[in-house]
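Shared between the two complexes below is chain A, which pairs with chain B and chain C, respectively.
Our next item is the complex of A and B:
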């Protein structure tokens, strides 16, 4: 179990974070095999983001999952929960053994996270487009209660098609919720194809900026860049809500899945499973454009 | 509010700000919505009273702070009031976010937009996580009259009562609304509270004591027939019961204010003791209170049973009073339907 730290911005090495991102990917393989299906590629794109947020940035305390002053994290792209569950177990929110029954009848752990069943999950998700509205509400609560926690919301890029995202973006700008941080996992693909062909989301930065947001754009697989973006965030208070667009690659870490439309949901078995495992163990390799 | 309780018209009071541009030359002209057509809700006032001693209470609305009088809350607790503009789903989901941080969040807008537009946010973000969000759908049924189907809410009960862990309740008048709001503080999980247009005829002369969610209230005893109803149909049903009494039909009237969880015992008792049940509701006859009562009776004692509401069609356009008469949901209409039902027409 990795030692938890309740302060924000703890000092861990980039190598350690890379190792934890690898752990996220390996666990996604393992858990998908238990379920017989899993959202591999949407989780792989967010692996570095999960690692940086949970092991180096968020102000959380696994011993007190409902600590009122904790930072909130909303996984609005709830289908990547398979990558979050092992992280929460690793940090000590619950026993890793519980994941052995992942998605089996009666398990607390489904494909999408349930805040009522899983310590450390701040809000249930699964229906895309809701998370940023949840974040607006949480940030308003923080303001009413005069608490300085920040609210982080990870969205998928295809999720930006949902109209409610823009209702929330508008409200966050209107209420000047500087403590609300949206992170878009810009992994380029939705289920039917490239987002720009199915329903274009760009220019994401300009769109959010016009709603009153402060925008950063980074390589979401570059841990140094991710950490710099997180560390540069402003504290909760009155000001522009903050967006980090993380340019990522759907399926990153297993070549056959990278930017492939065939792996949004899948199941690796036998030698394919072992091949993917070994590839992930070798760490992220430079991409050769096809 | 006192004027409404006295049944008086407030049409002399209009919204709008003073200024040269607002000087009207013809006193028949009207600026803004006449107050008489606005709900004189005690909603904001009662919530503000409750919030005086309960820091958990926050209030949200969607560009209807004046119409639903949550403005009264804003005046007294400005730091705990949030107008979300015309974005109902965002409002309801944000209310859930606030509730997850320990607040009790009251989110109010027209029932058609609260329950029908907001249905998935109520299910997924409020009921499923069992959060203390109270979605308040006012101007329910066809009380918006000639504003038409987009503003009618004749499906909301059917939609809301199929959602697990959601308490569904209808208040008949301002006094009962106070009781509902007070009871809502400690009610586990999420609630949908259905209201009329705020100038609903008075049923309860004072705030009912011992009001309990899930416990039906028998407002009139009788052994020939039971009318089960709620909300805005309570007053005309009581008036109908009085008219039926003159025709020798002793009618029990039950205020089934809580549609979910339903007081099945009161329904079974009525079936056994009166042998005939008429459900009256300002709702499509499918899926609403009539259907809920029928679900109890299917497993219960044999009884004569009839649903009375709006037929399975989109309601006509017209002033509310005209619509109630047309669909026989006013006192004379209910009286006639009851007599037909009992073969005493």
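Our next item is the complex of A and C:
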């Protein structure tokens, strides 16, 4: 599919975005099967975020991946690239067929994204904690060059344990980088367990606010809320970097993966694959808390 | 001792340590600071980044003259490396200025993964290499060349002479890709005679030639090697001195041409003998299957301590006398 134009913000229906979030989850299943393993649950938590950003919000032009005035997107939680690759293909950055060799020898598409090989990937990532700093640099360059693009950076919540994130948060506040938008996929789990038990990250909002950021907090699976948050971002000139904390559920969309520690990396086979596929096709179901 | 300004204690002045070179050696002050400003005035893409070491990295001149392209990130090296990477991705040419230890050991993951791996156009400038820092092991980079040499895409250079700094600054700005330049802060000797062909990135720079052998040196060791060669000449030996301002990519043909003379070759560097220039030269020679009297002079796999450079160079065997003795040790008995 193609997006109607290259401006920021598009009037697309929430049903359409829900369908694209489903596409992200289904493609994650498909590509994981090609690779023999995949980061399912960290990608499922970000599916609505990917859909809203790429299909309804970001100012991008797939025909010109390096367009100087495009919005930048840094996937600092690079292990969720498996969900980003199909979106970029779907938007026309490259042929979807290229993904059939996902992670195979010679493929440009690895477990973590490489900006030198993949059109539409604004920065290589994979080592947690670096992305927001890169975003600070890009936003500073935008200011030096007097361009009004924004830099969006998606971080994991476990990633907030990295000290460098707070160096970047401090610098963004100091330089008043209003063009910088951080999105935390607050999916509650890092590899070893719940973040609040392993190394607590809360109160995320208060912490960023104290570093000079404007903060919104939303349900990251509620597309209406996600869109409202993105549309509520202040235009350049307000003088603060902006944070969206998206409360999500790691593994959302496949019940056995939701808030499970077993699916950070996994490989669904046989009936399990088909069951997960059918579950995703049925759409997000209300969660019954255990 | 390592901070940007002497502490303001009334009635106390901090003694300036004597240079490591012989008295009377002409010196040039703050050559890098001047060269960077001159470059940035010609090239609007050059931006200057730092981490709370503006004075010690000679970038106060840049800050005062071109403030709109000067960014101080505070004491946060990991952050500044990645921010530089982001700026380079946007087309700027960031020069990141800090001490050698912080540009390499402290921020290695950031330098490796956000600068070397994506091959972005960032220039890292590390000050106070080796034992030119009085600050002890925390501030003495004796492994920075070894670390940076191991990173794919990374170029490693070190000027030997005050007037060479501007040439290398120009050359690394023209090279599209990451570069690490280590440089002594403050004064540098003017030791390369007028008329010597100028430095070219990736090429050895012969300063003198000698029928009895060669000392190949980098950085501050070049001036000391020239002193040692003078002393050896008095003793009847004709020894040439070659400046290896580019440690990586090492000038393989240049090294092999020296090695094929079969005469003694001593490599002198202000760095550990492990993994630096001497090791790089040994790799080239041994892979070519050439046998010759060969020695490495540098820090012998120990951590040093705080002290003046003059004292430390004596103690750890980097002095003029040590170079001379090491070369004589390579001669047939």
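In the analysis below, the second predicted complex is superposed on the first by the 285 of 290 C-alpha atoms of A that agree within 3 Å, B and C clash if a C-alpha of one lies under 4 Å from a C-alpha of the other, contacts with A are read in each partner's own complex, and residues count from 1 in each chain.
Here is the rule we go by: a contact is a pair of C-beta atoms (placed from the backbone, for glycine too) under 8 Å apart; a residue touches a chain by one contact, two chains touch by 3 or more.
All figures in this text were calculated on a predicted structure; none of them were measured in a lab.
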Quick check on the chain A-based superposition: chain B and chain C, clash or fit? clash
Could you look at A:97 and tell me whether it touches chain B, chain C, both or neither (first, second, both, neither)? neither
Could you give the residue numbers on chain A that contact chain B in one complex and chain C in the other? 114-116, 122-124, 126-127, 130, 133-142, 144-145, 164, 167-168, 170-171, 174-175
Of all residues in chain A, those that touch chain C in their complex: 114-116, 122-124, 126-127, 129-131, 133-142, 144-145, 151, 163-164, 167-168, 170-171, 174-175
Per the touch rule, the chain C residues reaching chain A in their complex are 47, 68-69, 71, 73-74, 76, 78-92, 94, 109-110, 113-114, 117-119
Residue numbers of chain A touching chain B in their complex, please. 68, 72, 114-116, 122-124, 126-127, 130, 133-142, 144-145, 164, 167-168, 170-171, 174-175
Residue positions on chain B within touch of chain A in the complex are 58, 79-80, 82, 84-85, 87, 89-90, 93-103, 105, 120-121, 124-125, 128-130
